[in-house]
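Per-chain residue numbering starts at 1, and chain names A, B, C and D are given in the order in which the chains are listed.
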């Protein structure tokens, strides 16, 4: 039931002319969290092949509250809700947690990722070592539910 | 049953290290199509208030085929699938159409937009003139269907 | 004495929280003008190797006036001020020209480009056909002059 | 003779199709270093007005070595080479320093910044408290020298 925690650095330029982090930039934040999870962390756990090729098949993203740039990172929690034969689904919350535990959630999202064999130019199956790694972050709580 | 057609210019830097248009950048393309539709075209039709404030509440996006940069624009078709009291849903296809009519679809997506009153700092209802404008682009064909 | 003219499409997101095109984004505009000049146009003139590898060695850029997003492109004039053995210098003006010929210049800049042989992983000399192509756009007017 | 040190987080998407951090993105890195220096650090030292308005008047940037994305930040050293009445010049080095002190410099650059009074919509003079803050980071070593 572990969740992957990523302290996502913000850039001043992530804000648009309305003075908030632009909706598209949140997808960039999720990419950074996913890369930390599936490239860096997975490789450290012996599952380094995701970094060699992974394709995004689908995103769903719900915007809950606006976010303004500040020097401190925003937290992204990532977990796994589905491990198929040749795809996986990760969910995320982008949020701040106050000292008293109160959470402020800016975004909830999910992504379907397809491992890809770049040399063979086709999707590939998830390997046992990848399955074991992903399983540690498995959680039933799917987000976002379609309205 | 009209659809809004936007010839979306690409930038070389839209490609990532894998040599394809990055999945996040497609959301940027959709933003440009939406701005052309809801800011420029709507204003020309007398419905200029969207440009004063519009918030994205949700995106769903399915990636069908990879796209590589070229000097010519890619086509984005946009239409409206739902007009609520204080929100609307637009759908899009990012695609090329060959001379013989064959379509190559790269992305299908939908966005829930909430008109926003920046001065009052709250969502606002869709006005009659906006409703009339949006109605011209109403179509039942919703994309993407959740898998 | 010809100049390369590029009608540079703007994106709404090119503006930052101050409501102007961000200073960094102008470098992106220059990249697009350079790619149209050195990749697309040069290739059409038989000098297609720049697209296979070109490295930026240096930029100088002066910001003259702020620019705000609008649906119509901004014009970038590009010309060549120096053709060395293994490098070239291009200059640019980013501007609008009114019907009466009055120019509004937003940015003046220059870039030193080094043709690069990706396979050999090293800079390479400018070929005769490239030199002939570049020579058509040669002009003595260098910008920007260091203050 | 102090230098401002900024540990600049990289994003995977900072790389372009050639697999290196794109030349334009380095300007974004410099913006982040400058914001940390002139917004966050200056405000902590009692000179908080830069954050209210600052305009970039000029950049010079030399690219020395290519940089590839990795999870760890790259270091940006920033210092001040000139404090005028209504403008200042900052210089930067983007680099890694090995344990034995060996430096790998990727970029050297300089920026002319003009403090701006947004309400009055015009440049303003540097205040005494700003001058004192900037003076702590004054250094004669200017980069880059024009070739």
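Details
In this text, a contact is a pair of C-beta atoms (placed from the backbone, for glycine too) under 8 Å apart; a residue touches a chain by one contact, two chains touch by 3 or more.
Quantities reported herein were computed from a predicted structural model and do not represent experimental measurements.
Set side by side, the interfaces C-D and A-D show unequal numbers of C-beta pairs in contact, with more at C-D. Once the centre of each chain is set as its mean CA position, subunit B and subunit D turn out to be 37 Å apart.
Each chain gets a centre from the mean of its Cα atoms; for subunit A and subunit D, those two points are 31 Å apart. Subunit C and subunit D have Cα centroids separated by 24 Å.
In subunit B, the residues that touch at least two other chains are 12-13, 24, 28, 31.
Contacts between chains leave no pair untouched here, as each chain touches all the others.
Looking at the complex, you find that subunit C touches subunit B at residues 9, 11-13, 28, 31-32, 35-36, 39-40, 71.
Subunit B contributes residues 18, 23-24, 27-28, 31, 53, 55-63, 112, 118, 144, 146-147 to its touches with subunit A in the complex. On the side of subunit D, the complex with subunit B involves touching residues 12-13, 15-17, 19, 22, 24, 69.
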